[in-house]
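There are two complexes below, and they share subunit A, which is joined by subunit B in the first and by subunit C in the second.
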Partner chain A sequence: MQILLSGLATGAIYGLVAMGFAVAFYVTSVINFAQGQLLMAAIMVAAAVSQAGLPTGLGIVAGLAAAAVLGGLVYLLAVRPVLSFSRFSFAWLVSTLGVATILEAGAALIWGPTSRGFPVMLNDQPVRILGAVVSWQQILAIIVGAAVLAAFELYRRRTLFGKLGMAIAADPEMASAIGANTRNVAIAAFALAGLLAGIGGILVGPITYANPYLGETYGINGFVALMIGGVQRPAGAMAGGLVLGVLSQLANTEINSQASDWFPFLIVVVVLLVTPTGLLDAARWLRWPSRRAAAPSPAARPS
Partner chain B sequence: MTALASRVRRDRRDRLGGPARGRQAAAVVIAVCYLLFTQLIATGSLYSQSLVLTAACFAILAISLDMVAGMTGLYSLGHAGLFACGAYATTLLNSHLGLGVFTVAPIAVAGTGLVGLVLGSLSLRVSGLYFAITTFIFTLVVGVLASDLSITGGLQGIEGPLFPAFPAGLSGLGSSVTWCVMLALLVTIFLAVAIRGSALYPVLLAIRDAEPFAAAAGVRTAAVKIGMFGLSAALAGLAGWCFSFLGIVSPGQFSWNVSVNILVMVILGGINTTVGPIIGAAFVSMFPAYVNFSALWQELLFGALFVLVIVFFPEGLTGLVVRLARWLRPRLRLAGATTASAVPAAAPPEAAAAPAADGIALRAPAGGRKQPAVECHNLTFGYTRGAVAVDNVSLVVRGGTIHGLIGPNGSGKSTLVSLIAGQRQPAAGSIRINGTDATSSGPWTRPRHGLARTFQTAVLVKELTARANVAIGLYSQVPRIALRAPVWPLLPAARRQGRDMAARAGNALAQVGMGSWAGTRVAEVPHGVEQLTQLAAAAVSGSGVLVLDEPLAGLSPGEVEHVAGILRDFRAAGGTVIIIEHQVQFVFGICDEVTVLSAGSVVASGPAAEVRQDARVREVYLGQ
Partner chain C sequence: MPENAMPGNRTARRRAILPVAAAVAALTLAACSSGASGGSGASGGSGASGGSGGGSPILIGEVAGTTGAYGTTGQAMVNGAKMAVAYLNAHGGIMGRKVQLQYYNDSASATLAAQEFDRLVSAGAVAITGSGDTGPAIAAEADRRQVPAIGVVDDGGLTVYPNGPDSAPLPWVFDLGLNTFAWGAKIASYALAHCNGLAVLHDPTTYGEGGEQAIKSAYAAAGKKLAFDDAITENWSSGATVGLTSEINQIKATGAKCVDVWLTPQDQAAFVQAAHNQGADFTIFGNDETDSDATYSGLAKNLANGTISALLTSEVAPDAALKAFRAQYKAQFGTPSTPFAEATYDSIMMLRQAIESAKSTDPKAVQNAFNHISGFAGLTGTLGFTPSKHTTINADQLTLVKYDAATQQWVPVS
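Right after this comes the complex of A and B.
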């Protein structure tokens, strides 16, 4: 139970980062490798604002805003310009990794490469639930993770904007033909992805403190969660994060404290071996029957 | 030096059709300069040695990455991991087993190559994004292993082996490590140049840009991709072997950033060129030595460099030079006399309508005329669960006939053709081609069965000439192209076969009336020429059965007549054609037999005149 709850708490953070990956990928078919650094940016900005003597709430808002704005900027400056090169279908891979490096080095330059304090939001009294000892911070992470997922799914299915995202994901050309502004939707998706990572950052900040190199850890774990959960469904990504969190926690307690370094990769390798075509494809195959109802059937295209 | 130069030269040779005698002499001059430079460095200061040798190691990596990313379109992020494999293998085998550095070399190189083959076969079954991700994870895993295992010395790393100095008699050569690393780079450059000059190169580009086209030409594309990745991995292992002599080997030197760095080197210098990766590697690896900032500023600048390069210079430095040269050439030409290279561009499109001189040389259909060339029995296929695109279709195409395949959009014509051509395997039913069962064999087996196809959408390699594209169609006719490619220029037989392929491809183009376009890059030819080039690429290997998917789309009336003439000649020579076409007049004018599909099923099949009178056909298709 202890393992499960702590695992879910960490997993919710991974899941939020992975959801961000998935949201951006969903609309643009681009994996934003600077996703982890957006989480870091939210933590750093929130820490800096509250250390300047401003209220913690303001710091949190500023951190989330920073992550969202940076997310949108990543799309505008690093992704959109390179999408038009048909010859380098993976140019975005280099440019988003470049942005990750810029953000990391930039944060280290501004705030110094060492850890700084992060405002305490909840009193750190441990709580006993079903025989397990957890902090309020961890409970908050689980609750927020679930709430964000529910809100996101509602938003995606019930609002026009969410449906627009689905339409663009299914067929960008068709979507723009019926008048969708694919650019704005993509910016919004990247900003939303940044926001999700930022929420994760604010939740994890009190535990990890503010450090410019946090991005890599959470980015990679979020990415692994994405691979586990399937790249096409944000809800699946969250599930992947939870699975990863619990399994890593299990490995940490059962094997040794270093296990979380390599354990995620073991999971990925196993996943890749089990579905040899990769989860990317496995996820797509699973999705097909449901998507076919809405989209023009692929069978109709070859004539 | 010179991919750039050699590419320009190759283009020119293509256009002029003349031999380039100077190539060998140029290669010798360049090699001598290279060795002189090595001598200079080997006897120079330790500082310049360390700069140049690090750059050389990265140049090997960049070239090896370019072989997969540039030539084959596989964006590997695993090269830092493979690099680490080579370096750690060398260091550990040397320090723990006491093996000499030269004994270790083949083990490190072949071992890393093997790792590449395994990684490739696990991840290349699906290429693209999935490949990039898998190799990325590979680099991460190697990094974690290197930091966490005790044998690797953890984060501090371990000192690499000492490279033995030259014996006293050779001490005039200076530093032995310098010679070793520079020779390793020379070997790598040679491999890259050899592959670029081989008959495999157009095939690799076809795999990159038009995989179905390559497969239809008889290329086992998955095997070639895995093989190329294995070769590239072995070279990365070689780079690791070299690198281990330069000092400490530690995990930080092989992080995922390094994988991205290598990709940036390739793109900065110019992807799919031979000099580009070398320039890029020299620039990126020497950059920190000349720009003296704090480590953090350097990282920041590097990140900015990645983004700027990919956004503003996607073609790299060599791309800029080539563009400049293209811009300058016409202006220089104005000053001088007109050269032959101006001719193709000026060739009027009407030349396309010139009737073909004679039919394309054929292998006689195995079963002779009127025997079934292609037999389909009860074929069923669906792209997704539940939906059926081809439903219980039976079809017999007799040898020496032209068989039309018509039907509304979505009726399953293209799907049926892709089943016949082996791109997809039917869920049920059987296919026989020239009497041999071909139901479940892949597209690369079709040339062996004597069947070739064209595609509805243009699938040629844009940056190659029409002739080079057609030569891809000869892949199945020349043995062991892929295996011989790395040493191609050293094999007289291979060079002769290469020339032979170019000549046959030129003939095939001439036979479809496109001879004047042979030396022009496909990116610059009109649509009709592209379609006919596809036809020539299908016919060049002498396949007795041609499967054409809408070969007339976008052709002018004159060009349509021209194609009809070619097909009649082909039939007269005993060839069999299956043709998908929407122009009903054309179909009933030329076809002996016609099959009409609707919603995945055969509506009617038989002699053209009968089918035309069929009431149901008139209803579903002719709209009468």
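Right after this comes the complex of A and C.
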């Protein structure tokens, strides 16, 4: 139970970062490699506001807003120009990595390289559940992760904007031809991705404190979660995060204290070998075998 | 009209320039804040090339990680070096020649540190001070280029004596930093007398391994074993991932009541928070970084109360010279001095003595002079080296201290 709860709490953070990757990819087919740094930005801004003596709530809102705005800016400054030049260019790999470096170096210049305090929130309040001890902050991470996932799926399926995103994801030229503003939807997707990373940051900040170099770790683990869950659906990314969190915790406990360094990569290699489109797709195909004959393979998604 | 002059193409080119500009800006900013950042100058002197007694300036190199997990340590080292060079230039330099300091940020990257060491040697540096977080790479380069590496070279210990405390030191490394062997031995001596079981959780670098080896060695000498001994990378450099719960529960299962957390200050703070949440009532021990500045105590707050570590006795009861240095440091940099600044200052002052004693800046002559310095009155104590002893700080120079959250002070353990 300890492994499960601790793993789910960590996995929810990975899942939020991974969902951000998936949302941006879903609409633009671009992986934003600055996603982890957006998590860091939310933490740093929230910590700075709090340390300035302002209310924690204001810090949280400011942190989330910063992550969302930065997410939108990543698209406008580092992705859109590249895609405008050539839709099939992969220069966004370099440009989003460049933004990641800028954000990290910028945060270190502004706030210094050393960890700063973060509002403790619920992290000093332990709770015992079926013999396991976790903090309410970890429980909050699990609850928020689930709530965000549910809200996002409702938004995606039930709102016009969500359906617009699905249309653009399926065929951007066609969506544009019928009047969809692909630029605005893409900006919104990147901002939403930043917001998701920011939520992860606010949830994990009391545990990690505020440090300019946090983004890399969470970016990598979020990406691994995305690979495990599959890039096709944000829900899969969250599932990948939860699986990764629990298995990493298990590895640290049952193998050794450094196992979580390499174990996630082992998992992702195995997953990619067995089911290249992610665990969720594999589960779906196992569950509904009759669809296999009727529908194209998930790998044959329209570009 | 040529095709590439068409307005549409110009727009496309302008758009294409943006990501390139972003990448260039990223690299530039990264260079400013990490690897390539650095500086040079006479640091208080009236000019790098103008010598009061003629001759070209003596170049001292410095490699220090001013960004990354130990960024404040690196910055303190640079500040300490600047103060030393300024002092020397204001007092006639070395053998009548001005002193010039050139420093680079290695961003805690061993590759970068080695490159910067070579760059400084190629520029004519007579010795390199640092680096605090890439010591093994610096030590290897010092050996290869046969140029002395002095000052805070990692935290002494295994970086200087790769085969353990009783082995020969690396011949070109003269460490004035906070020797992990000394801290480990001092903390072990207390734990042996007061702890019912000691667990050691350390990082897997020479820093953590040095402390662990000294503790293990003291326990072995006393015929005892550690209750738990593990290297971890979790939380290392603040990149917290799955947390420390599993390690804490494993330590609890051993029944150990004391834990030495040989990790970065921020990771120590995360450990005490997680241990508190798990209901573990450990006596926490630290390392040389724990009380070198306020990072740990500031993050852990009340949970840091009762943490035991050690300080240089000269820090606990500073003499007039150290008090004056601290006052000047605070006035100049707006932040309190740390032992890393003071050790770096000492290293450059000691370099002056070595050069003047050797009457040469030839590396071999300087190395030989370093090997025979004794009774040097430094800020960090009375220091010296011998051919078989290349660290200046040992356990006898330390005072055990305990953190008192009420007064926010490290007070001597009674």
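As a convention for this text, the second predicted complex is superposed on the first by the 269 of 303 C-alpha atoms of A that agree within 3 Å, B and C clash if a C-alpha of one lies under 4 Å from a C-alpha of the other, contacts with A are read in each partner's own complex, and residues count from 1 in each chain.
Here, a contact is a pair of C-beta atoms (placed from the backbone, for glycine too) under 8 Å apart; a residue touches a chain by one contact, two chains touch by 3 or more.
Since this is a predicted model, take the numbers as computed values, not measurements.
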{"item": "Contacts of A:Ile255 with subunit B and subunit C, given as first, second, both or neither", "value": "neither"}
{"item": "Partner chain(s) touched by A:Met1 [first = subunit B, second = subunit C, both, neither]", "value": "neither"}
{"item": "Partner chain in contact with A:Met174 - subunit B first, subunit C second, else both or neither", "value": "neither"}
{"item": "Touching partner for A:Val270 - first (subunit B), second (subunit C), both, neither", "value": "neither"}
{"item": "Subunit B versus subunit C as contact partner of A:Leu93, first or second or both or neither", "value": "first"}
{"item": "Partner chain in contact with A:Leu54 - subunit B first, subunit C second, else both or neither", "value": "neither"}
{"item": "Partner chain in contact with A:Gly117 - subunit B first, subunit C second, else both or neither", "value": "second"}
{"item": "First, second, both or neither for A:Leu77, with subunit B first and subunit C second", "value": "both"}
{"item": "Touched partner set for A:Ser135, first subunit B, second subunit C, both or neither", "value": "second"}
{"item": "Doubly contacted subunit A residues - partners subunit C and subunit B", "value": "77-78, 81-82, 85, 91, 94-95, 97-102, 105-106, 108-109, 113, 258, 261"}
{"item": "In the complex, subunit A residues that touch subunit B", "value": "31, 77-78, 81-82, 85, 87-91, 93-95, 97-106, 108-109, 113, 220, 227, 258, 261-262, 265, 268-269, 272-273, 276-278, 280-281, 288-289, 292, 297-303"}
{"item": "Complex contacts: residues of subunit C adjacent to subunit A", "value": "12, 15-19, 22-23, 25-27, 29-30, 32-34, 66-72, 201, 204, 230-235, 237-243, 245-247, 249-250, 265-266, 269-270, 273-274, 276-279, 295, 298-299, 301"}
{"item": "For the subunit B and subunit A complex, residues of the former touching the latter", "value": "75, 77, 122-123, 125-126, 128-130, 132-134, 137, 140-141, 144-145, 147-148, 256-257, 260, 263-264, 267, 271, 296-297, 299-300, 302-307, 309-311, 314, 382-387, 389, 408-411, 413-415, 418, 456"}
{"item": "Complex contacts: residues of subunit A adjacent to subunit C", "value": "2-3, 6-7, 10, 77-78, 80-82, 84-85, 91-92, 94-95, 97-102, 105-106, 108-109, 112-115, 117, 123-124, 126, 133-135, 204, 207-209, 211, 213-214, 216-218, 221, 245, 248-249, 252-253, 256-258, 260-261"}
